[in-house]
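Written below as structure tokens is the structure these notes are about.
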Amino acid sequence: MEEVLYNVLGAIATFLVAFVVGMTYGGLNRKITARVQNRKGPPFYQNFIDTLKLASKKSAIHHGVMQHFGPAFLMVTSVMSLLIVPVLTHNQWFPNLNFHGDLIFLLYIMVFGPLGMALGAGQTGNPNSAIGITRGLSQMVGYEIPWVLALVALMIQYHTTSIVGLMAVQAQSGTWLMFSSPFAFIAAVMAMLGMFSYSPFDVVIAPAEIASGPASENGGKYLFTMMSSGSVFAFVKLTLYVDLFMGGADNIVILLVKTFALYMIPVLYSLTTVRYRTEQSIRWFWGWPSFFGLLAILQAVIF
Amino acid sequence: MVGTPVLFIAIPLMAAFLIPLLGMIWKELVRIVPGLVLTYLLILSINLLDHVLAHGPIVEVIAGWGPPIGINLVFSALSGFLVVLMEFLGLLVWAYSYRFKRNVDYEPALKYFLMLMMLITGSVGIVLTGDIFNMFVFIEITSISAYGLTAFYKGRNSAEASFKYVMMGSVASTFLLLAIMIIYAQLGTLNMADIANKIHLMNPTLKIVSYIFFVTALGIEAEIFPLNGWAPDAYAEAPGPVGAAFAGIVVKAAVYAIIRYTYTIFDLSGTFNFLIIIGMITLIIAETAAIRQEKLKRMLAYSSIGQMGLVMVAFGFGTEEGVFAALFLMLNHAIIKSLLFFSGSYLTYNSTDKKISEVNGMSKFLPITSLLFALGAFAIVGLPPFAGFWSKLAVMTAAADSNMILIMALVLIVSVVELVYYLRVVNRVYFYKKEADVKPKRPTVNALIVMITLGAIILLVGFYPDAVTGLLHKASAGLMDKTQYIHNVLSVR
Amino acid sequence: MDSTLFSYLDYAVYGTAVIVMLIGFYGAMVKKSLLKIVIGLSVIDSGLNLLIVAIGYYKGGTAPIFSQGFLENFKSVSKMTDPVPQALVLTAIVIGFGVTAVALALVIRLYRHHGTLNIDEIKNLKW
Amino acid sequence: MNTIYIIFLIFLGGAVFTYFAGKIHKVLQDILFLVSILVPAYLFFANVEIGQNVNLTLGGISLSWGINYFSWLFSLIVLGLGSLAAIYAVGFMKGEKRRGYFYFNFILSIMAMTGILLSRDLVSFFVFWEIMTWSSYLITIYNGNKVQSIGIKYFVFSAIGAYAMLMAIVMVHHITGSFLIGDMIHAYPAMALSMQIWIPIMFLMAFGVKAAMMPLHVWAPGAYSNAPMAYTSVFSGALSKMGIYGMTLVLVTMVNHIPQGVWFREVLAWLGGITAVIGTLWAIQQDDAKKLLAYSSVAQLGYIITGIAIGTELAMLAGLFLAVMHALFKGTLFMVVGAIEKQTGTSNFTEVTGLIRKMPWTFLSALLAIIALAGIPPLGGFVGKWMLYESLITSNHYLLVIVIFFASTAAFLYCYKFLFGFFMGQEEKEWAHVKEAPAVMVLPMLIMALFMLVLGTFPGIILNPINHGLQALGYADSYKHLWDTSIILNSWGNKVVLQPILYSIAGIFLFFIAFLTWKGYKNTRFISTKDISSSGEVPKEDENLTFSVGFMQPFYRAVEPAMRRQIDKYYNAFADGLEATFEFLRRIYTGNGQTYAIYVIVFVVVMLLFKDFLF
Amino acid sequence: MKKVLVILLLAVLGYYTAVTFFDIGFGQPHFVAGVKPVKDIYLAKTVKPLTVSNAVTSIVVNFRGFDTLGEVTVLFLAVTVLGSVLYKKRHAVGERSVLFNASSIVTAGSKLLFPAIILLGAYVFIHGHLSPGGGFQGGVIIATGFLLMLLAYENYSVSHTALSIVESLAGITFAGVGLLGFMHGGTFLQNFLPAGVLNNLFSGGIIPIIYIAVGFKVAAELTGVIYTVLNEKGESNG
């Protein structure tokens, strides 16, 4: 019973950490982008202010039940993934529910949220939402390919389908997987560019064109939930990459360093490129990233 | 014993001569008497068949001269089966046409029924006779009635069809006579059993030539591929029931003749392969021609030709199984194709062109006829649980047991073609919109009864094939046993 | 009679019969007029009948009739020509007549319907 | 009399009586229809013992009917889904024309499927197979649309398959002298090599057609979408499983016994994978819900085929589990489309929108079914997919994993399209009158949705029969051994590792519902979808803003080059070429009597010239 | 082109047919060795039990009488078919359509010859079993007589009903005699009358009866054929 209590408390703590880190990263992104573009930019804590404002707002209207469910689905997904991905190794405050085969589980649970969100956005009846969703889903199919190629390569090479198992492999050999399976890492990182939906893959929200896409009809608490779940999810993704390719982290500082380093990849890449059309981005993902993914599989099969 | 095989010939002939006289007394008799005769003969044939199955074949001599001097009739399980089939179909055709011809004058009606009766009698004679020249006579009786029936309707192209038939028929009779004379000149006899007994003495070249002439001559009636130019025209232009009679009766008799020559009389080596080859060619060409037809009856005609090709193939296996399969096919084809012709001619009753497009949407106006047509279409392509399936299974089994895998595959591929064009028509009947200028005609009561009877038989054979398989097995065993046939015939004094 | 001459005669009879048949076939297959076709068909029949009857012939044979004279002079039936082909030919002739009659009737009908006797124009039914 | 006979008699008699009962009273017809499906189903599950056999001889062929665990598993699909679909059909067919026709064929096709499962000999197997084919064909063309193209295509493919099977059957009969399946299996290892290879190929052709396997799948989209939805749920859900059933039998009882079998398996597995991809890609493009689901069925069957073809115990478990799941969710989805079509008169996404508030129960079942279809965790679909990936990876089919994964990811696209197209978007006035479908239609959908939910958490309910079935086929008992060694399913059974996760999902979910949804729902008021703010101005009532035309176009544009080549086109070109050849061939019949007479002479002359060769 | 093809084909056909028959041989015994041809039996039995002089007749009417019955039927059918093919509705039947300009010599001569021809025909078929000739030949001769009359006289007509009655009765006689034989001796067409003395008119049992019937029938039918065709009208769609 006590263990369960610890677990619940730990889960809440993890959530809070993820929330804070994710929000901060988001703010830093805005800041960095601004500086690179020679603007001043908002402060890095601007996101906190935004969410606070949104959370304090009271929604008066809704377009149907699914609109309520959408953000909830999104949040559930973020939290579920957070619970499955090991945040810190050997730390009872960061428990996780991981189990053998959770990689596949994760692959599916990660799309659950967007789909739920899409339903919620769909019911609002705003055409921009629907357009954004179709773009998002299409793009997802694009980047899932290199992503899965990389994951399957890892699974083949190390005969495990669990995140903890892969981390154990790294701990045992002392080498990060990004070095022992470089192709998988490259493919996965390229897929990550798509996951974050930053430029050039930001056609999904395309603020100037389709009014933020899926989120367009949401405000107040809805938007708050979406934003916070997005932040948490960003943290989850980064942590997952760290766990898979960079040996995980023992304490929070290392985690922050590693995740931030990773986070810089999409952020910086987004600064150098302009927006792709959906089909262009899909083809992009099925080009070099998938090629590296296949190389990774080849490597896994041969070695 | 209630009668002897000769009554199958004598009674209808007698009746045929009598009918013009009876017609002078009461005109309706012209329609009634053929039906009575056919009914009696059907009962007689069933009785005889029953007897034959229990006690072995009946060999009847004519004019008191035993074989090989006189002409003899052989009522075996095989010929008996065919006779029952023909008489039964004949009766149905009669019943179907009984009122069909109500709108026709007395004189043509008289001729129609006379010709119909003679058509059946001639075919029965072909099957029963044990003498090759006598068979020629019966073939001519059948052909001439067929010419007449084909040209029965005025105002259509029936005369053209009939003329083509006449042309080919006279060529056929030429070759038939040549073949008969070659055999006679060598063996000095015309009796089948006697010929079969002595055929090994014959000069091999002459034997082959005479076989070729026989097959050519009979092949014209049996609709073998290059010889069947008349068939589609004749089927299409003849009155509907007559098409059924052609498919169910005449062709069967001709096929029987070919088979009798091949299995019993001649002892050539390559005949079975030859049958397979011509059967396959016939099957393929006919089915491919059928799929492109625009007229319903022509389509049915080509289908009928194709089926006959399949029968030939099945006979060509040369095994008892193959013969069984072929006989089963013949039975099914006779029943089903008759049903198709019967119902098909009501589906296109008032149209002059008999185009397939004119059956569109007939199911609303002629529900039962359409249903029966669909049943027939399903049965003839061999869908279980209808009658056609069992024969198809039998053919395939026989083919497999003869190691004819390629033949099997070809036959099945062609069946797919067959399926396509039948389904196209059925779909039209049920799912297309009726064309405005087509006036459907409700079938008469007797026509309905006939069609329903056939449908019931299709279902019966489909669900309970044992009803016929025993008989067919006996018949096929009888055909395979050549020495027994010779012995049976020649031992009669 | 010289035997070699006679053997040529053998060929002559059969040959004539076959040639008559072939002429008939040619007529039936090449001539355009329906009437000529029917004539061709009956010419085939004639040739055929000739052929059949010729089969029954024996050198020096008599007619197969047991007249008073025959019974007294020969006593042996082997001197008679074969009666069977003759009987068969009788049947064949009659049948040929029947077919020709039917064919002619059809020609009349065809002429009435199409207004022509050219077989190439009577092709309403095809394919 | 044996129960099996009684079942068939009820089916047959029921079909005939139902057909004619329509002439007396419509309600009587409905009742008879239900009776003739439900009573045999009840009798089957209540009275037919597994392992029991009845024999009879027909036409000199001894037939044998009986059931084993494996076929019992499929009978669950057939009779279970069949019964539910029958109940649904009563609602669906209300007021439709040709009810007798529909009911007749419905019953017959259920009978035929039951018969296939009961057949222990090849002849009755074939007979029932063909009855199934034509009864389903007749329903496919029920509404009279495109009968010549879709209907004939379906039938031709079925016939090609069935005839291939017939060839195999008679060849087996030639070798063994018996039609019994048991004898065939027994004799198979001793056959000649060519037979060992050809017989499975021909059987697989037949089953591949029904299971809509890749080069033979072109009939499926049309046929599935053209049949009335009440039947399509059975068509796609149960009838296609007959192909799977047969395929499994062939693979397990024959192909496993020859060394070349591994090639069969590889080829089949890849065909399955390609089928999945092709089906998915085409499904995304469809604007008609029926077509979409039809292509989706093709894709889903691809997964199942892959699972069956891999053939390890886990893969078999996965394939069969997916088969059951597919029956459930695709049955539901087709019913949903049927309900929508019934209520609105169309099934086109570009026409119908915003039904969520009008047909909430339908939406609920659709949502659950879609979640199951997409393989998203809480529902049963995920379990099957999971096992499939696991088995693919453990059996070293790495590329196939990617292919399958791609297909199932891309499946989200059409899943969403389905939900959005019907239920989301603007609520148009045009559909304001739409009401929820009658209870008799909604109830079966909900029951199946419930099943899916239960199976997601307790897959053992259906894994147990599958396990029994596989044991009947000669597989080892996988209850402990496999589920233990499996990486995913470790210590399944009673103590499930996954279950806490599922519970926690449920917990979090409920929490957020309480936190966000419930409270928010209480505090906010509903406004119409016309009242959308962000677009700057409020659209007028008659302005349709729903985005539905070219819905997944971005994705479609990306994959367009791959979709330019359709197998369908090749088939059509082939068929057209054939018909042109036939058209040419039939000109042999010139219509000139003289030519025909010349043919006779040609025939004679050719025979005379070749007489030494022929005879 | 077509002609050349046909000629080539016919040449091959003719070659094979001719070779076949040359193989058989002309005018000499051609039956293969060891075969006892039926013609010997026929010839032997013609004299002994049948007491018929003309062996052809004995074969046609007795040994192969069944063929003859069929043959008669063929004729009967030909007439039926002819009637059916050329049938016209009542109102369309008018005067003869085919007319000949006959001189008075022809008309007068025909009148003179007609009875003689009929008589000759009758003679031929009555003596069918004794001398060459028989029912068919006699019938044809009689029909020629009618043809002559029809050619000579434009208004000469034959009663259709009478013709049909005659041919029916003749046919019935043939078949009836056959059936009587069946009742008498157990086989169809069996002789049940005393055989008589060879070369007498009343010999050969039922053969003369049948041949007379055949004669009547052939005469009636041929006349019917001629008459039908002569009455054919040239107009279209009768």
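Going in written order, the chains are labelled A, B, C, D and E, and every chain counts its residues from 1.
As a working rule, contacts are C-beta pairs under 8 Å (C-beta built on N, C-alpha and C of every residue); 3 or more make two chains touch, one makes a residue touch a chain.
Quick caveat: nothing in here was measured; it's all calculated off a predicted structure.
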**OP:** Give the chains in contact with both chain C and chain E, ordered by label.
**Re:** B, D
Subject >> Any chain in contact with chain A as well as chain C >> reply: D
Original post:
Based on the averaged CA atom positions, which chain is farthest from chain E?
Top reply: A
**OP:** Count the C-beta pairs in contact for D-E and for B-C, then report the pair with the higher count.
**Re:** B-C
Original post:
Farthest chain from chain C, comparing Cα centres?
Top reply: A
Original post:
How many angstrom between the C-alpha centroids of chain B and chain A?
Top reply: 79
Original post:
Approximately how many whole Å separate the CA-defined centres of chain A and chain D?
Top reply: 36
Original post:
Taking each chain's centre as the mean position of its Cα atoms, how many Å separate chain C from chain D?
Top reply: 70
Subject >> Whole-Å gap between the CA centroids of chain A and chain E >> reply: 106
Subject >> Residue list for chain B, restricted to those that touch at least two other chains >> reply: 133, 137, 140, 144, 147-148, 151, 154-155, 159-160, 162-164, 167, 171, 178, 185, 190, 205, 209, 232-233, 289, 292
**OP:** Spell out, as numbers or ranges, the residues of chain C touching 2 or more other chains.
**Re:** 21, 25, 28-30, 37, 51, 55, 84, 91, 95, 98-99, 102, 106, 109, 113, 122-125, 127
**OP:** Enumerate the residues of chain D that touch no fewer than two other chains.
**Re:** 586, 589, 591, 593-594, 597-598, 601-602, 604, 608
**OP:** Write out all the pairs of touching chains, ordered by chain label.
**Re:** A-D, B-C, B-D, B-E, C-D, C-E, D-E
Original post:
Across the complex, what residues on chain B touch chain C?
Top reply: 133, 137, 140, 143-144, 147-148, 151, 154-155, 157, 159-164, 166-167, 169-171, 173-174, 177-178, 180-181, 184-185, 190, 232-233, 236-237, 289, 292-293
Original post:
Tell me, which parts of chain C touch chain D in their complex?
Top reply: 25, 28-30, 37, 119-120, 122-127
Original post:
Which residues of chain C touch chain E in their complex?
Top reply: 6, 9-11, 13-15, 17-19, 21-22, 25-26, 29-30, 51, 54-55, 57-59, 63-68, 77-78, 80, 82-84, 86-87, 90-91, 93-95, 97-99, 101-102, 104-106, 108-109, 112-113, 115
Original post:
What does chain C use to touch chain B in their complex?
Top reply: 21, 25, 28, 34, 37, 41, 44-45, 48, 51-52, 55, 84-85, 88, 91-92, 95-96, 98-99, 102-103, 106-107, 109-110, 113-114, 122-125, 127
Original post:
Can you name the residues of chain D that touch chain B in the complex?
Top reply: 57-60, 123, 126-128, 130-131, 133-134, 141, 144, 147-148, 151-152, 155-156, 159-160, 163-164, 166-167, 169-171, 173-174, 579, 581-583, 585-586, 588-589, 591, 593-597, 599-604, 607-608, 611, 614-615
